[in-house]
Amino acid sequence: MEKSILKDPGLYVMVSIGLLIMIFLPIMMDMFAIMQITQYVVLSVYALSLAYIWGYGGILSFGQSCFFGLGAYTFAVASINMGSTSLPFILAIIIPALFGVLLGYFMFYGRLSDVYLGVVTLVVTLIFWKLINHTAGPQYAIGDARLGGFNGIPSIPILNMPTANGQMMDPIQMFVTFMAILIMVYVGLRLLIASEFGRVSISIRENEVRSSLLGYDVRRHKVVVFSIGCGIAGMSGAMWATYQTFIDPNAFSLEMSAKALVWVMAGGVGTLAGPIIAVVILQWISLKLGQLNIINNFVLLGLILVPLVLILPKGLLPTVKQWSQDLWTIWKKNKANEGDTIIKESETVNAGRRK
Amino acid sequence: MSDQEILRTTGLTMRFGGVTAVNNVNFSIDHEGELRCLLGPNGAGKSTFFKCLTGQLVPTEGTITFMGEPIAGMDTHEIVNLGIGIKTQVPNLFNGLSAYDNVRLAAKRKHLKRQAIEKTFDMLSNCGIENLKGSEVGLLSHGQRQLIELAMVLAAEPTLVLLDEPAAGMTGEERDRLAFLVKEVTKTASVIVVEHDMAFIKQIAKNVTVFHRGEIFAEDDVKKIMKNKSVQEIYLGKSADAA
Amino acid sequence: MDYTIIIALEMLRAIAWLVLLSSGLAIIFGMMRVINIAHGEFLMLGGYTVIMASKIGINIWFAMLVLAPLVVGVFGILVERLVIRWLYGRLLDSLLATWGLSLLMIGGVTMLFGNTVEGVSTPLGGFSVGIYQVSAYNLVMIFAAISILLSVWAVLRYTSVGLIARSVMQNPDMAQALGVNSTFVYMATFGVGSALTGLAGGLIAPVTGVVPSMGINLIGPAFITVITGGASVVTGTLSASGFLGSVDQLITFGFGPVYGGAALLIAALIILRILPQGITGRFFTKKL
Amino acid sequence: MSKISRRKFLKSAAATGVAASSLSLPYAAYADDHAILVGGLHDLSGAIDFAGIPMNQVMALAVDEINANGGVLGKEVKQVVYDPQSNMSLYSQYATQMALKDKVAVVQGGITSASRETIRPIFHRFKTLYFYNTLYEGGVCDRNEISLGTTPAQTVEKLVPHVMDLFGKKVYTIAADYNYGQITAAWVKRYVEQNGGEVVETEFFPLDVTQFGATISKIQAAAPDMVMSVLVGTGHLGFYRQWAASGMKSKIPMASTTFGAAGSEPIIMTPEEANGIITCYGYYPTIDSPANKAWLEKVKAKYPDNTPILSELSECTWEGMMIWADAVNEAGSLEREKVLEVLESGKTYNMPSGQVSIDPLTHHAIRDVYIADLQNRVFEIKEKFSQVQPIDTQQVCNLKETPNANVHYEISLDG
C-alpha cells in the first residue's frame, strides 16, 4: 500500500524531461527562443504556486497575483537599493510568505472558506493594486527605488551569478538557472505532497471537519500550506521582475490572478505537470495570435477558452491520462481477444494524489 | 479502572438565534469504561450536544469539563487531542482516499510511522473491513462507511468515544460486529452512544439518558427507562412495542 | 447645509450605483451559484444597445428601459443554453468559461461596432441645491435602483414564480423532486439576471464612457457588493450597497477618490472577516 | 525656482553588458527577399486599441508611400506587425523578437509609458533604432530612441496663458493618478503661477474611477474660473458626462491636455458634453495647410471605409516612418550609427503637422503646437505656436554629453 514517491516513474520522467530541456535547449535553439522559453519557465513556477495550494491544500486563491506582485516589487526595491541580487531574491520569497502567514491567519482563523476565501484574496489583491497604482508621486520611494505608480519600476537589475565574482547572468545562464529552479520547485512540491504533511493537506482538502475531528489543526495547517504557496508565487514574481528588468502594477492585477486560475484549471487541478503544460500551450497561443492579426485576438482567446472548459472539464492532463488509460484498456482487450498473452497490468500511479 | 470523572457538563446551553437546541444540560460520565446511551426523538438536541462536546459548536452558556480540564470554547483539534473521538451521524470520511489511508490518517495522531501502520491494520481487521482497505471510501455502502469511521475513531485511542447512530444502515452481521466492538472499547474508554435502534441498545447499554426538547428528560437503567410511561409517550412508543 | 444635502445625495447615488451594478449579478450568483465574470461585459452590452438604438433614432428612454434589458436578457438566455447550463455545480469552471466569454465579448463588440462609437448625452438637465448644481439624472438612477429592488422583492415574495425560484434556491434537488422544472428555472433566472444587468448597463450608458473594455472597471465593485451582501438577493444587495456606498462616498468627500476606493475594499474585507457568509449570512437570514 | 531631481536609477545599461556582447548585432535588416523590415508594435486589441489601430493603419500607409517613392536605399520596405494585446509581457517578447529574430531596421510603437519603458531598454540593449510617437510626460534620455510626441512643457506652456486670458486666474486641476498626470499637473501649477494665477486644488484620480459626483460637488464648492483636466482612460470618460449632466459645463469652462489626444473622446462624447473644451496638441486634423490636406486625402484614399481617427499619435507615426526613411536614404546605409548621425543633424521636415525637427540633445521633436476649441466634434484651431522646444526634457538630458544614457528621468518641479 505504502508507495514511496521515489518509486513513482512519473516523477523521474518529468525531471528527466526538465533536465534535458535545461541542458540541450541552449545548444539547440537560438537566443531569442531561449528568452521566450524563459518566460514560460517563470510563469510555470507561478502556476505551480497555485496548483499546490489549490490542488493539494484545497485553498482557492483568487489573489495569487498579490504575492506574485509582492515578490516582484520586493525584489525590485531591494535589488535597486542593495546593488546585489542574491539577498533580494531570498527576500522576495520570505516577505510574500510572511504576508501569506498574516493573511492566512486572518482568513483561516476567521473560518472563511469556499468562495468567500476567494473573494477576500481578491479584495486584498485589489487593495494592493490600488495602492501601488497610487505611488506615482516622487514622495513614494523606498531608498533609491521610486515605486512609480501606474508606470512601474524600470531598470531592475538582472540576477547575478550566485558565484563569488557575482557577474550578471546572460540570457542563457538565466534560462538554465530558472529551469533549475522550476525543477527544484516541482520536485520539492512532489516530495512535500507525498510526505506526512502533504497527506494531512490532502485529508483537509477532502474533509475538513473529519480532519479536525481526528485532531489535526486544520487552520494552522492551512496557513502553512498557504504561505508556502505565497513564497513560491513571490519567488516567481522576483524571477519575472529580473527577467523583464521592469515591473508595473499589472503584476498585482486581476488578470494576473485569473491567469493562474486558468492555467491550473486548464491543466488540471490536483496535478503539477498539468498547469506547466497549460502555461506553455496558452502562452504560446496568445503569442502566436499576436503575430497573425486575422481577427481580434480577444475573440480568438475567448473562442479557445470557452470550449476548453466544456470539452475538458477536468483539465488537460487528467483528461489525457483518462483517454490514454481507456485506449490502453481497449488495446489490451484486443490483444487478449487475439489470444496473445495477457499483458500484466501496470499499476496506476497513485502516490498520494488523486486523479 | 480509575475513578476519575471523565466528563461533566454544567448548565450547558446552545442557542441558534431564537431556537434553544440544548438547554441547561447537566450531564456526566463518572468513570472510565462507562457506556451511556442517549435517547430522544429527532431534534431533541443529541447531535448538537455532541457538537458542543467536540468544539464544533461553542456553547452559548455553561461549562464542559473533560478529565478535569474545562474545554468549552477550545478548538476542535485541541479537544480531540485531549482524547475525545467522535463518529458523526452521517459518516464523515475522506471520500477520495482509500479506507486504509483514512484509518492511517487517524492512527498517525497517536503513533509513529511503523506503529501507525500496524495500528491501522489492527483496526481494519478488528472492524472486519480488511477487505475494503484499498477501496475508495466514497463508493462504499453506508454500513461499511460507518465501520470505517469507527475504525478511524478507535485508531486514535481516545478516552471518550462519542458514537452518533453507529448502527444505522448496517446489516445484521455488521451490527453484531459493532456491538462486540463497542464492548471491547469500554475496556479502555468511556462511550456515549446516540441510537434509535432499541434492540441494539439493549444489546450494549446499561444506563440511558433521555433527551427531550434540548433538556435531559430522564436518566436511568435501560430496563427502567423502557418501562417509563412518559418516556414511551414522548419517544419510545412504537420502538418499545417493537422491541 | 446645502453641502450636507449634496453629500447625502451623492451617497444615495453611490448606493444606487452599486445596486444597479450588482443586482443582476446577485440574482445569478445568489440563486444559481454561478460566478459570471463576464458581468461587466453584460453591462457593456446594455450600454452599447442604448447607443446603437439611439443612433438609429430610437427614443433613449425606450432604449434604456426596454431594449437594453431585452437584448441582454435574450443574450443571457443564449449564453445559458450554450455554455452555462453545462457548468451548474461547477463554480470554478463557470468562472473560467465566463472569463473566456468576457474576452470574446470585448473582442466581438470591437469587431462589430468598433471601439469608438458616438455616445448619448444624459437626458434631463441639472437642478440646483443652493449654489450647487446636481444632475437630475442622479434621481433617475436612485429611483431605478429602488424600483429594481422593490420589484425583485415583490416577485420573490408574492408570486408563484417567486416561490418556485426561492424553492430552487433553497434546495434544487428537493424542488426537482416536487416537480419543478429546474432546468427552466435556471434558464429563466439567468435570463432575468442578464436582463437586469442590461437595464443597469443601459441606465449607466449616459454617465460613463461606453467602450468595449468598460466592464473591467465595473466587475470589481459589483462582485464585492454581491459577496459582501451574502445569499439574500434583495436584503443582501441593499445592505451591502448601502454600507459600501456610504463608506466610499464619505471617504471620497473627506480624503479623495483613492482612499474612497481603498476604504470600500477594506470595509468589505472587515465585513467578510466578521461575517464570513456575508451580511445576510448572519443577519436577516430569513429575508429574501 | 525649480529643481530638477535627477534620481539616480540603476542604469539598465547594466543590461547591455554581458548579454549584448555575446550577440551578433542586427543592423542589416534584410528579409530573405531582400525587402527591408520595419517593426510596428501597437495595441491592436484590448483596452487601448482605439489608439493603436489608427497608428498601425497610418504606419502601413507610410510604408506604401515610401515604397511608391522608390523605397529605402532602392529596396522595398515591409512592415512587421505584432499585436501586444495591451499586455506588457507580450510587448517585451515581441520587442525581443523584432530585435533578435526579425532583425528589423527600425521599430515604431509603444503607446503607454509603461509599454515604452518595457521595450525601450530592449531596443537599446540590442541596438535597434526606436521611434516613440506618443505624447508623454517627457524625460526619456536614450540616444537610441526618437520621441516625436509632445511633452507637457510644450503644450501646457502655451495652453495655460491662452485659457487664463479667456476664463480667469483661478484654476482647479483634476488629473489621472499616474506619472503623466502628476507631472502635467505640476507643469500646470507652475505656468498658472507664472501667469499670475492660482491653482486652488489639484485632485488625482486612480485610472479605474468611474464616479465623479463627489469631485463635481467639490469643484462647485471651490468655484474656480476654469477646470484643467488631465484625465485619461475609459473610466475617466465618466467625468465629462457627469459634469455636463449636472449642468456645470455651461458654468465653468474646461481645458485639457489629454481630452481627445488619440481622437476618440470627441466622438464618444456628445457635442453637448464636449463642446468648448480647449485643448493643445502637436496635431489636429483641422490644420489648414496644403501638406495636411494632401495627407488627409491619402489616408482617405487608402482607408475609404475604415478611415482611422487621426490625432497626434497617428500623425507622429507617419512622421516617424518618413523621417526614418529620409534619414536612411541620406545616410546611404541602414547602419544605426550613420542613421542617428543624420537624425542629429538638425534637419527640418515638412509634415502634415507643420515644421518638425529633432533636437539633437534630447532626441525629442521640436514642433509646431496648436490650441483648438472643440465644437461639434471638430477641433477649431485658435492659435499656432511655431517650433516649440521640449524644454522639460532638455533640463535633464544632454545626449551630446552622455551619448550612452539609457534613462527615463522623472522630471519633478518643486514649488
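Order of writing sets the labels: A, B, C and D. Residues in every chain begin at 1.
Assume contacts are C-beta pairs under 8 Å (C-beta built on N, C-alpha and C of every residue); 3 or more make two chains touch, one makes a residue touch a chain.
Keep in mind that what you see is a predicted model, and the values were worked out from it rather than measured.
Q: Which neighbours does chain A have in common with chain B?
A: Under the touch definition, chain A and chain B have no mutual neighbours whatsoever.
Q: Which chain has its C-alpha centroid farthest away from the centroid of chain A?
A: B
Q: Taking each chain's centre as its mean C-alpha position, how far apart are chain C and chain D in Å?
A: 37
Q: I'd like to verify one number: the distance from the centre of chain A to the centre of chain C, where each centre is the average of its C-alpha atoms, in whole angstrom.
A: Each chain's C-alpha centroid was found; their separation is 33 Å.
Q: Which integer distance in Å separates the CA centroid of chain B from that of chain C?
A: Taking the mean C-alpha position of each chain, the two centres sit 48 Å apart.
Q: State, to the nearest whole Å, the distance from the C-alpha centre of chain B to the C-alpha centre of chain D.
A: Distance between chain centres, rounded to whole Å: 75 Å.
Q: Quick one: which residues in chain A touch 2 or more of the other chains?
A: Answer for chain A, listing residues that touch two or more other chains: 130, 134, 296-298.
Q: What parts of chain B, by residue number, touch at least two of the other chains?
A: Chain B, residues with two or more chain partners: not present.
Q: Chain D: which residues touch two or more other chains?
A: 45-46, 177, 204, 206, 208
Q: What are all the touching pairs of chains?
A: Touch list across chains, by label: A-B, A-C, A-D, C-D.
Q: Would you mind writing out the residues of chain A in touch with chain B in their complex?
A: Listed in rising order, the residues of chain A that touch chain B are 1-2, 196, 199-200, 202-203, 206-207, 209-219, 354.
Q: Of all residues in chain C, which touch chain D in the complex?
A: The touching residues are 3, 6-7, 10, 13-14, 17, 106-107, 110, 115-122, 124-128, 131-138, 206-211, 213-214, 216-218, 220, 249, 252-253, 256-258, 260-261.
Q: What does chain D use to touch chain C in their complex?
A: 45-47, 49-50, 53, 177, 203-206, 208-211, 213-215, 217-218, 220-221, 234-238, 241-242, 244-248, 251, 263-265, 267-270, 272-273, 309
Q: Touching residues of chain B toward chain A in the complex: what are they?
A: 54, 56, 75-78, 80-81, 85-86, 88, 92-98, 100-101, 105-106, 108-109, 113, 117, 133-134, 152, 156
Q: Which residues of chain C touch chain A once you look at their complex with the stated criterion?
A: So the residues of chain C in touch with chain A come to 35, 37, 83, 86-87, 90-93, 95-97, 99-108, 110-111, 220, 223-224, 227, 258, 261-262, 265-266, 268-269, 272-274, 276-278.
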